[in-house]
Amino acid sequence: MLQKTSSGNFFEDFRLGQVIRHAVPRTITVGDVSLYTALYGTRFAVQSSDAFAAAVGYPESPVDDLLVFHIVFGKTVPDVSLNAIANLGYAGGRFLKAVYPGDTLHAVSEVIGLKENSNKKTGVVYVRSTGFNQHGEEVLDYVRWVMVRKRDENAPIIEQGVPTLPKALAPGALGTACPRIDGAEWNEALAGSPFRFDDYEVGEKIDHVDGMTVEEAEHQIATRLYQNTAKVHFNQHSESKGRFGKRLIYGGHVMSLARALSFNGLANAFHIAAINGGRHVAPLFAGETVFAWSEIVDKQPLAARSDVGALRIRTVATKDKPATLFPDKLADDYDPSVILDFDYWALLPR
Amino acid sequence: MLQKTSSGNFFEDFRLGQVIRHAVPRTITVGDVSLYTALYGTRFAVQSSDAFAAAVGYPESPVDDLLVFHIVFGKTVPDVSLNAIANLGYAGGRFLKAVYPGDTLHAVSEVIGLKENSNKKTGVVYVRSTGFNQHGEEVLDYVRWVMVRKRDENAPIIEQGVPTLPKALAPGALGTACPRIDGAEWNEALAGSPFRFDDYEVGEKIDHVDGMTVEEAEHQIATRLYQNTAKVHFNQHSESKGRFGKRLIYGGHVMSLARALSFNGLANAFHIAAINGGRHVAPLFAGETVFAWSEIVDKQPLAARSDVGALRIRTVATKDKPATLFPDKLADDYDPSVILDFDYWALLPR
Amino acid sequence: MLQKTSSGNFFEDFRLGQVIRHAVPRTITVGDVSLYTALYGTRFAVQSSDAFAAAVGYPESPVDDLLVFHIVFGKTVPDVSLNAIANLGYAGGRFLKAVYPGDTLHAVSEVIGLKENSNKKTGVVYVRSTGFNQHGEEVLDYVRWVMVRKRDENAPIIEQGVPTLPKALAPGALGTACPRIDGAEWNEALAGSPFRFDDYEVGEKIDHVDGMTVEEAEHQIATRLYQNTAKVHFNQHSESKGRFGKRLIYGGHVMSLARALSFNGLANAFHIAAINGGRHVAPLFAGETVFAWSEIVDKQPLAARSDVGALRIRTVATKDKPATLFPDKLADDYDPSVILDFDYWALLPR
């Protein structure tokens, strides 16, 4: 009798250059969009209103970029990170094509790096994951690396290698998922802010003021919506005996909370064009309250288009500590309240 | 560097006659409708079934009236009540046009009253808020008044005034959002009740029997669905140091729970045509159980149409006390269990 | 004044042969489908992806079979089981026609059995419930029996009788809700498993590995989504004084959790064609973690079609105990961890 269940891949199961086609394709609908709004309270006008989106140049409201990210990410979990100890980071993420309700996404990953740890018990796996729509068009790709257990400490790792990853996407790589925006039709009162690309300065820091407390039911509902199967998020029976004694909240949930909170200060940053990097600095648990602040790291026009410009933003999320004083990376380590350090390019109308 | 975040308006920031165009427009979809059903368990047949709605005269199921109300209300929060201490009341609410999935709503408010309190620390702001669809048609308007903090106690308030508000809408103002209903096609078995307009008597009281316990995750999901940004509903970190030590549930959540519970006794009261008044008598907190009872205050035919009639209903919601004995307003004050006193006109087939 | 509220039927209110047309019809939408995914994390490819469904022979993704079951079941509660003490079992359930988003369901039940208990305080009611779509076509029927209180112990029960129920549906009765499946287009990588009908053996047991902890908000949201009005699921005020001191989770919630967990091992079992039987062995409460294992009880080809075969599966759900050792029915009783014993026919591609 064949073993019918999958226990996921262990470190020695991966090969450099290996291509993994992930299950299960997923049609995104307005139902998913409503749940995303209900889980985070996001308010960006392009994604909230078909009428606003149509006025500025989209055919209709596109699906929130991070909802697309979470759904693509979720597909990779059973093959890449079911036996992961830690999700170490992201880099080189590009939103390549807008996704609309009715589109069906699937995902493919390529193993681009393998590095065994000196303890021989674990190793770091680097994958470039790509999300495709039903026409086979790439909608998103990104690199992530995770620390994965070995099944057998004695299993030899033949070929290793660590990829060179960009610190940030070049501005020239941005904007393919964004149609030409008609800035004259960008109604600032409806969008919620008069501040466009030119109003932000490099070095500027913004405290997003509000805080959001997370409940177990909320992060479980979110993570299942993304069909993310990582056990640590759902199984209190096993987690009660685990590292933390409780369920760990999916890191992407924090990204979406921080992004939604950032509306207050960045209301016109309507599109995440690229994810330069992301680090889950510390875990979040139910009952804790998330705050966020952002820093404008860079600002760049986009080649050959004058409708939008790109702000490179670092959004830092904290827990149980308002962001008034911008808790940040210290000399050696982060302020203990910091849970997320997220570096991305967002587009704003000019 | 310009201040990018909004801290909301304080009492001295409002002017009589001021018009505020609120962010952010919102397209309502079947996803929102499903969430509304899942949050309250509402069962009114016109809103539950496209087939039932089409049989009686709607093109398809309209969006629940209170979902429309909450979405319009949510838009007004960042401008009107971010610094509110209390939401004091509603009056003169009219549902003017049916809303269908796919419609996009935005909201505008006019300041129609200002009254500084004698302590000079707060004042009462009266606004008439109007919700519009994507064609610029009015779908809902209502007055609410809130007590708002002053930023600066010494700020002078130049012009004050208190509007005269109707105790109830006149029957002649009702019904514009309701198409002609074909009463012969109104299937009572499917609707859940044989009782039509003529079966109710003025003075009649109905105990809606059932109770519903509210969880933190539920009211947070609801309130974010409405893109309502009032901090007291979401931020346990700050609320733990506040008046109640815990998060306050959005008052509109209670309205929707009471309305859903009222199905048992008012199943054919398919459309809220007007909100005469509403008062959040006491706060609701997670873990508490909501009950409701209703009194028929008035009944009126609608001019020039014989298909439907209007019941003026007072629905009273309590917490942690069944409504068997109709807990009510006493001589001086309300029974301590009462949390909502809601006065509205509902239409029923004749 | 007529009593406007319903207190449900008591045992002496039922008559053999009585036909009950249930309120309220319900249009199922993609919003309901998203919530279903978010509540259980279900991943079966046919229901998850319009593109996958279309490739193998469906017009688009059908609505999950158990979501259809829960919605039909929910309609029967106010008339059949509002005064039930226990939901004793299911039998003879057939999925007769696929349901798609936009379809409207209503339900009719026939009383097919009545058996008073010797204590004269309760009796067992057997109903055959049928769900219909907006075209009047049967989409599902099933028998369930419940123990219902008598209003009056002295009420005489005139006609009694117990129906003969099949232990399992015959294979010839299966498959009418399933279009011809193009097995060559069944992409195993996308579906999540290489194991088709021929790869399973009678007697094979599968531990589905994962566990899912249930929160109060989750089961309440689910049960309201199904417009199921049974008080025990929602009212902590009354349940705190009841049998268990807490809210009881709707048994169907466990069925859907177990089915979603069974994806890991049964990913290609894409359609529940029939429910042979089901028993809620013990109650589930919030905070407990559900596990599941399955046994292949029988396997049969379907007459006149070579595209799919039927596995008869027994899925057993446990709480707070992993299914590694297959906790089961013992000589006299079940292992104390078992909460559900669910026997159904599922179709797989050949």
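Letters are used for the chains, namely A, B and C, taken in the order the chains are written, and counting of residues starts over at 1 for each.
Criterion: a residue touches a chain if its C-beta (ideal position, glycine included) is under 8 Å from a C-beta of that chain, and two chains touch if they have at least 3 such contacts.
These numbers were taken from a predicted model, which means no experiment stands behind them.
Visitor: Rotation angle, subunit B onto subunit C: superpose the C-alpha atoms of these two copies and give the value as a multiple of 5 degrees.
Guide: Fitting subunit B to subunit C on C-alpha positions yields an angle of 120 degrees.
Visitor: For copies subunit A and subunit C, work out whether under half or over half of the interface numbers are shared, and give different or same accordingly.
Guide: Under half shared, hence different.
Visitor: For subunit A and subunit C, what's the span in angstrom between their mean Cα positions?
Guide: Their C-alpha centroids are separated by 36 Å.
Visitor: Among the residues of subunit B, which are close enough to touch at least two other chains?
Guide: In subunit B, 29-32, 34-35, 215-218, 221 touch at least two other chains.
Visitor: Spell out the part of subunit C that touches subunit A in their complex, as residue ranges.
Guide: Going through subunit C, the ones touching subunit A are 29-35, 37-41, 43-45, 48-52, 61, 189-193, 195, 199-201, 204, 206-213, 215-218, 221, 264-267, 287, 289, 291, 320, 322.
Visitor: Which part of subunit A faces subunit C closely enough to touch in the complex?
Guide: Within the complex, subunit A touches subunit C at residues 1-2, 4-7, 21-27, 29-32, 34-35, 78, 102, 104, 106, 134, 215-218, 220-225, 227, 229, 231, 234-238, 247.
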